[in-house]
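Here the structure is laid out as structure tokens; the discussion comes afterwards.
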Amino acid sequence: MLDSDLLRLIGRRIVGLIPVMFGIAIIVFLVFSFVPGDPVTMLIGKQSDVSEEFIQQLRHKYGLDRPLYVRFFYFLRQLIHGDVGISYQFNRPALEVVLERLPATVELAFFALAVAIVIAIPAGIFAALKGGAVDRGIVGLSVVGFSMPNFWIAMLLILVFGTTLKVLPISGRLDVTLTVERVTGFYILDGILAGDWEVVRSALSHIILPALSLGIPAAALIVRLLRNNLISVLGAEFIRAARARGLRESVVIYKHALRNALIPTINIVALQLGFFLTGSFFVETVFAWPGMGRLAVDAIYARDYPVVIAAVMISALFFVLSNLLADILILVTDPRTRGVR
Amino acid sequence: MTALLSLRDVAKYFEIRRGVFERRVVKAVDGISFDVEEGQTVGLVGESGSGKSTLALTVLRLYEPTGGQAIFEGVNLFELKGRELTRVRRKMGIVFQDPYLSLNPVKRVRDIVGLPLKVHMPKLSFEERESMIREMLEQVGLKAADVEKFPHEFSGGQRQRIAIARALIVKPKFLILDEPTSALDLSVQAKILNLLLDLQREFRLTYLFITHDMNVIKHISDRINVMYLGKLVESAETEELFERPLHPYTRALLSSVPTLDPRQRGRKKMLLRGDPPDPANPPPGCRFSSRCPLADDLCRREEPPLVQVEPGHWVACHKVGG
Amino acid sequence: MSRTLTTLREDLLRFLGGPTVSYMKRDPGAIVGGTIFLVFVMSALFAGVVAPHDPYQADLANSLQPPVGFGGSWEHPLGTDAIGRDLLSRLIYGARISLSVAAVSVTLAVLVGVSLGALSGYFGGLIDEVLMRIVDFWLSFPAVLMAISLMVVLGPGYWNVVAAMTLTSWVPFARVVRGEFLTLKERPFVLAAKAIGVGSAHIIFREALPNTFPSLIVLSTFQLARNIIYEASLSFIGIGVKPPNPSWGLMLGTGRQHILDAWWIAMFPGLAITLVVLGINLLGDSLRDALDPTIKKRLGVVEVQ
């Protein structure tokens, strides 16, 4: 499917990301330039025996005595080198700290996506085909699904599966007694690589509830979309033609209708990946999931702004990339868009 | 007779941008000149895309003209600004083709028909305005009580009557009718045409009647101008044009009309081949040359000027007269 | 100007009246949604009358009381929190914060978004270029993240949340209004008004704007729901409304620490958010279905089966 036209389009979209990322950098910089209290004050904290001279030295070291545009220039130059400053909490480059936590968040996002797809696709098909009360019930549930804040779903799940049924762990990524050699940072993958099935089992049981918390609202959205698409496709001319040709109903539905209904759905599914990154800010907080979102929220409390900046930039990048992925999937899957643009 | 409106070299070009660098100019109206005599109905015919509606909108300054003059009662409309332009607008009106699109769906008939009064006679009291609106509605064949209704409560023909009422309520001299009947059912078309003729007599109106329908134009107009791709190709009195069409395009338009006239039966049918070319990329020379059965090298090279071949009969064709 | 406002209000009410109401009366979703929404609005308006206790009054002797049916008493039907404040009363007062933050921010977002969208769609040119770049950028930046960043800068507080919500929700309005104006300004009824000699202000406010009301009404309801969730999310991670205000998000945030010993502290505020958002979403769905055919019929578009 990948022809040169398509590659060129994808290339153009990627080039188009450069100004967007630049814009994000400007906003992030401006936003955090106006944060009350500069990092040096934060760094020194409550220590009162620090001399004024030392403070000035530190300010100079971090370039805080320069005018805004100079600092922006430095900020950009640092950004190109992947440097957004030193974390005051960890005393290490902020980006390094954030990237270390990224695999946990990405792992969670992918499982949430899997949850969303596993729930949404059968439910959407079922609603569209059965109609009547089943359809109304599923549509009703889906409205409820995306009316719930994900962090509240998280707490509901903890109550039901964690504290009442006591069948699933409610915090962290792994039993505290277990360790795994960090290769990819995705514990499930690392467990498989190490051949340690105990780790895989534990990691899987830990990820179920957080993945459900993120996945349920997404599933609710996808169900509705898929159902609506499927219903309109089933009424379309070519489906009637396929039926008239005497094709078996299952062939008509799964081969013809579903394929055409799924194409516009794929776009929304891919977009969810980006939303999971921001949703992780809340869900990870509930489950003490040691990912980027929880790190960022903790950094906000600790006023560790370089970490917040790094987390915001990485989330934005993921959001932009999931948009790109959604666009590419549409281009690849939908022959109608070829050659039009 | 004096001309109420004289168009001189009126031009309207559109710039179309494709991407960042590619720019093309579409000469939608390209140097049109003709007169509209007071009290007459002047027809303007051509296929869709010939620029007739663009010309109408340009004359009314709804599009900014690219060039030329439109002299209305001795004043060049294209030079007017602000208040002066608003004052002249009171003497002119327009009725659009599709009455489903030309009436604001969220407004009551009172507000639609009363708008010109609010603009041009702002000192009227509510009662005076109301009685004028009701009277006008009755004059176009609607009921006075219809002021309360919304456009969607009316049929297509009734909506067109509302549009006519709106155009006439401030008693203008001149009305542009832009295909006022072509969106309507055949049975309704005749009623609206008759209403327009009655109103013309009653209000001493001058019409510029735009259409692609040769039957309608024959029925209603005194003089006919034929447009093709932004250019005037032929202009004559109605009878003269139907008797002696000179331009191959006019002849093609006329032969597409079914006729009962025995004198015309014997005439060879001339049919248009293909669609009109892209207005952004017209053929060189005569713009009709790509579809003209008579076209030769000269036609494809040089644009024919509009010349008077008989008193009052103008035509732009290398193959005619000369 | 006041005459313009009066007619605009009439135009707005026209869309919300007659056929829209009679459609929604037959839609169970609208009835359920409307009832839920009304209950919340009423308790927010009359919190002082409805709430059994002072929502700020700590009573350490009665801390962590469970709700009725789980060992609690009718004195505190939904139980109490860690410092003995009555949960039901806090929920009722919380409705004020939740609904007012969302309503004020959506109103401001409508004003900003509609003005910019209308100017940009009607006049085009430089304003339009600039606005479209901003919109492109906004869409590539997740709104929650934008809100979080803004709140980090502004610091917690009621009006800061309103500001952050407004800044993150005006773009959809601007986009919709711009899009509709682009087509509306070419509509013959706008040309007809111009031919009569009206000015730009009349065309924007009297002719074009009322035609965007159906989309604006529907979009506003969904943005309202969204902003309720956003406010709760921000307060939940401690950068929204300041304690001791009874914001539902804030209550959830403290409830999280008691999830193992006092589940009700987190459960009821979450239920409140879900219910009110559900109510608004149901209303929005119904409004969309109700207004859609209306506007189609009014524009004279006949749907081809």
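Note that the chains are named A, B and C in the order they appear, and that numbering of residues resets to 1 at the start of each chain.
To be clear about the criterion, a residue touches a chain if its C-beta (ideal position, glycine included) is under 8 Å from a C-beta of that chain, and two chains touch if they have at least 3 such contacts.
Predicted model only: the values in this text are computed from it and were never measured.
Think of each touching pair as a link: the shortest run of links from subunit A to subunit B has 2 of them. The most distant chain from subunit B is A, comparing centres defined as mean Cα coordinates. Remark: subunit A and subunit B have CA centroids separated by 58 Å (rounded to whole angstrom). Between the Cα centres of subunit A and subunit C there is a gap of 25 Å.
Averaging Cα coordinates per chain places subunit B and subunit C 49 Å apart.
In the complex of the two chains, the subunit B residues touching subunit C come out as 57, 60, 62, 85-86, 89-90, 92-94, 96-98, 100-107, 115-116, 119-120, 150-152, 163, 166. Subunit A contributes residues 20, 23-24, 27-28, 31-32, 34-36, 143-144, 146-149, 151-152, 155-156, 158-159, 163, 274-275, 277-279, 281-282, 285-286, 296-297, 300-301, 305, 308, 312, 315-316, 319-320, 323 to its touches with subunit C in the complex. The residues of subunit C lying in touch with subunit B in their complex are 11, 14-15, 187-189, 191-198, 207, 210-211, 213, 295, 297-300.
Across the complex, subunit A is touched by residues 29, 136-137, 140-142, 144-145, 148-150, 152-153, 155, 225, 229, 232-233, 236-239, 252, 255-256, 259-260, 263, 266-267, 270, 273-275, 277-278, 281-282, 285 of subunit C.
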